[in-house]
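One chain, subunit A, links the two complexes that follow: it is found with subunit B in the first and with subunit C in the second.
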Partner chain A sequence: MTTSTRDADTPAAHTAKTEANPAADAGRNQCLQLRGRLAASRVVLAAALAVAVLAGGLMLFGAYRLTSDESAQNHALTDREATEEVSGEVGDALAKVFSYTPDGVRATELDARRLLRGEAATQYRRLYGQLRKRVTEQKLTLTTRVVHTGVVSLDDHRARLLVFLDQTSTRDGDQPSTAAAQLAVTAERRGGEWRIVRLAAR
Partner chain B sequence: MRERVRALVRPSKDPVLAAAVALLVAALCFAAWGGWSWHAAADDGARAYGESRDRALSAAEQGVQNLNTLDHRNVAHGLSTWQQSTTGELRKQLADGRGEFERQVKAAKTVTSAEVLSAALYELDERAGRAGAVVAVRTTVNAPKQKPTTKDTRMRCELSRTSGGWKLSALAQVPVGDSAGESGPGASRQDQGED
Partner chain C sequence: MSGEEHAVVDVPEHVLGRWASWGAAAAAALFLAFSGWQLWQAETDEDLAYAAARDTVLDSGKRHLETLNSVRSGRIEDGLARWRAASTGPLRDELRRTGRSDAATLAKAGTTARAKVTDAAVVRLDTRAGTAELIATVHIRVSERGGAPTTDRKRLTAGLERTDDGWKLRAVGAVPAEGGKDDS
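Coming up: the complex of A and B.
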């Protein structure tokens, strides 16, 4: 509108100049408008991007925190089957390696070799090495029975347990005597079977 | 007109803008994934069960330690702690025996402290609010003119969930020769006073 009124008053030379301008002006305006719109959409886009990435990141972090905390990583009792399996296998292993008879020294040794690993194996060899001779000479027997088992922590490869044992020992025809034992046991899963790697009296 | 249309259409042909839109879609997908993972993690029943387990276990440890700790110089406080750590039948037993017990401990002038060596839950019924734990505990008894005596004890306890959190409802030593699961800790008794 303003252009047309201005057009009417201006001299020819000017008119020629201004007449060339409307198209350029319109182009420039459009360009500016477009640029403005582009700039605005860029800001919106950037903001949306930032919000989406931030929100996604925060929620993922939240999920990670929830699933990676100690409580979620520990499958003791939450995975009933695995808990029973490790309790059973570790209990059986303890009963086997801590039971012997004068005639079954070799069998106990073989069981220990199979069921114990690492530190527990070393510890056991040292102990049993001293005991072995006396077992046959003095006709000692030891029977170990699992009284209670609790799984402290459990994941796919490693478990910690607290096991209460009753150990009944006899020396060649003497009255048997029973003693209580509490063991903190660390077991590792090797080739699908639980093996005891650490034993500590509690 | 055609110019305008072209100008309007042009942005989508702008490779930068196209990339930005693609990026935004990717970011939205990322956000959706994050939201889904978070929801799945928060809604996980096993996780809630695991948290219950950990709370019950720490209550068992704290409770067993509390019930094996008593100072003759401050029996009232110690016995209040016992009351706070227990519920149900065990709480009643302790309350019933409180007077007699207080007299005994004051006469013997013993200071008993406890350290939980290891503990684990062996059962947890979250819906019923019941749990069972095994605890290995070391108690030290100081009596006047006597050397302190240290004793390692294995205990079994039962817990119940109350409005004030998990509390001990039964506690007993696991005696030698006890067959698993046979002697319930129903007949719980503290051996606190014996020196």
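Coming up: the complex of A and C.
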């Protein structure tokens, strides 16, 4: 059974093989060519994709660097409205907390409590605590006027300003005298309003 | 493995591969276009350019103010040349005019001054006209021949102008108390 099948099969298989060979070879060649071309085009495509991803990545990085550096994040002057707002609010606050009259000590204190926070509030309490008695006793008056305000840096929550002030002080009956003061001010936006958190003489 | 088997397996793989290739190419093109657009947006952003100009003005202004308020005895001519290099327009004209007498005065007193800008802010900037203003506080350590050094504090306003050689000072004024302004 097995031998007869083998005997019968062998010539048939042989003839089939010899006849099929050229066609199969051609197919295989075609297939190999196709594979070769495919492989080549895949390499080209992969290279092009890699270049595209790299170039795109570089451009994105460039855009990120341009928009995220310190200069770009600082909205002083670039956001005119916000710059004017913080200048105005901080200037008004300074004029208020650094102005007092013998009868208005309480008002100044209340303004300071509202407008100064953090370190600035502590500094102010120390200073004003010593001064308070003398203001009423010696009838001292101080008027502070903002001469120039410059915004050094500004973002949504924090601002740094340089403020030039003129301070005119009078002791009861004396001639008033005016002195120049320069302050570096740090302000923070709390509940939509700017509050002074740090003061430093310049 | 016969040729027929290859053909049967290859056709869908080939078609799928082509779809995948087209998809990848399209995605890459989109990504390129997007990132290019982002970069273009950032490079042409007026606010970014304005912010960069503001910082340039601030840096130049600080540097020039320090130069203009500094001089070394023994190298006065050098210092005066530096003053002129830091200035433009009316300020430079004035420095040219008064250069000789300035040098004589400084030499006579043996003045050495070193200025440091302690704080500064740009208060106005017109990039189109090429003009700007800043305010600054300056500490100047001055010593004269035989004398002990003193520290002078000044508050200044300065006008700047854009030149081919960068931003230069065209006017500098002290801001004394009472809000009066004397230009120097």
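As a convention for this text, the second predicted complex is superposed on the first by the 184 of 202 C-alpha atoms of A that agree within 3 Å, B and C clash if a C-alpha of one lies under 4 Å from a C-alpha of the other, contacts with A are read in each partner's own complex, and residues count from 1 in each chain.
Just so it is clear, a contact is a pair of C-beta atoms (placed from the backbone, for glycine too) under 8 Å apart; a residue touches a chain by one contact, two chains touch by 3 or more.
In this text, all values refer to a predicted model and were calculated from it rather than measured experimentally.
*Asks:* Clash or fit: how do subunit B and subunit C relate after the overlay on subunit A?
*Replies:* They clash.
*Asks:* For A:107, is the partner it touches subunit B (first), subunit C (second), both, or none of the two (neither)?
*Replies:* In the superposition, A:107 touches no partner, neither subunit B nor subunit C.
*Asks:* Let me test your reading of the model: by the given contact rule, A:164 touches which partner, first (subunit B), second (subunit C), both or neither?
*Replies:* So A:164 meets both subunit B and subunit C here.
*Asks:* So in the superposed three-chain picture, is A:56 touching just subunit B, just subunit C, both, or none of them (first/second/both/neither)?
*Replies:* Both partners.
*Asks:* Considering only the touch criterion stated at the top, classify A:127 as touching first (subunit B), second (subunit C), both, or neither.
*Replies:* It touches nothing on subunit B or subunit C.
*Asks:* Taking the superposition as given, does A:28 touch the first partner, subunit B, the second, subunit C, both, or neither?
*Replies:* second
*Asks:* Of the partners subunit B and subunit C, which touch A:39 in the superposed model: first, second, both, neither?
*Replies:* It touches nothing on subunit B or subunit C.
*Asks:* For subunit A, which residues lie in the overlap of the subunit B contacts and the subunit C contacts?
*Replies:* On subunit A, the overlap between the subunit B and subunit C contacts is residues 34, 38, 41-42, 45, 48-49, 52-53, 55-57, 59-60, 62-63, 66-67, 71-72, 74-79, 147-152, 161-162, 164, 166, 178-180, 182, 184, 202.
*Asks:* Okay, in this complex, where on subunit A does subunit B touch?
*Replies:* 30, 34, 37-38, 41-42, 45-46, 48-49, 52-53, 55-60, 62-63, 66-67, 70-72, 74-79, 146-152, 161-162, 164, 166, 178-180, 182, 184, 202
*Asks:* Taking the complex as given, what residues does subunit C use to touch subunit A?
*Replies:* 2-4, 6-7, 10, 14, 17, 21, 24-25, 28-29, 31-32, 34-36, 38-39, 41-43, 45, 47-48, 50-52, 54-55, 118-123, 125, 134-137, 153, 155, 157, 175-179
*Asks:* What part of subunit B is in contact with subunit A in the complex they form?
*Replies:* 3-4, 7, 10-11, 14, 17, 20-21, 23-24, 27-28, 30-35, 37-38, 40-42, 44, 46-47, 49-51, 53-54, 117-124, 133-134, 136, 152, 154, 156, 174-180
*Asks:* Subunit C touches which residues of subunit A in the complex?
*Replies:* 23-24, 26-28, 31, 34, 38, 41-42, 45, 48-49, 52-53, 55-57, 59-60, 62-63, 66-67, 71-72, 74-79, 145, 147-152, 161-162, 164, 166-167, 178-180, 182, 184, 202
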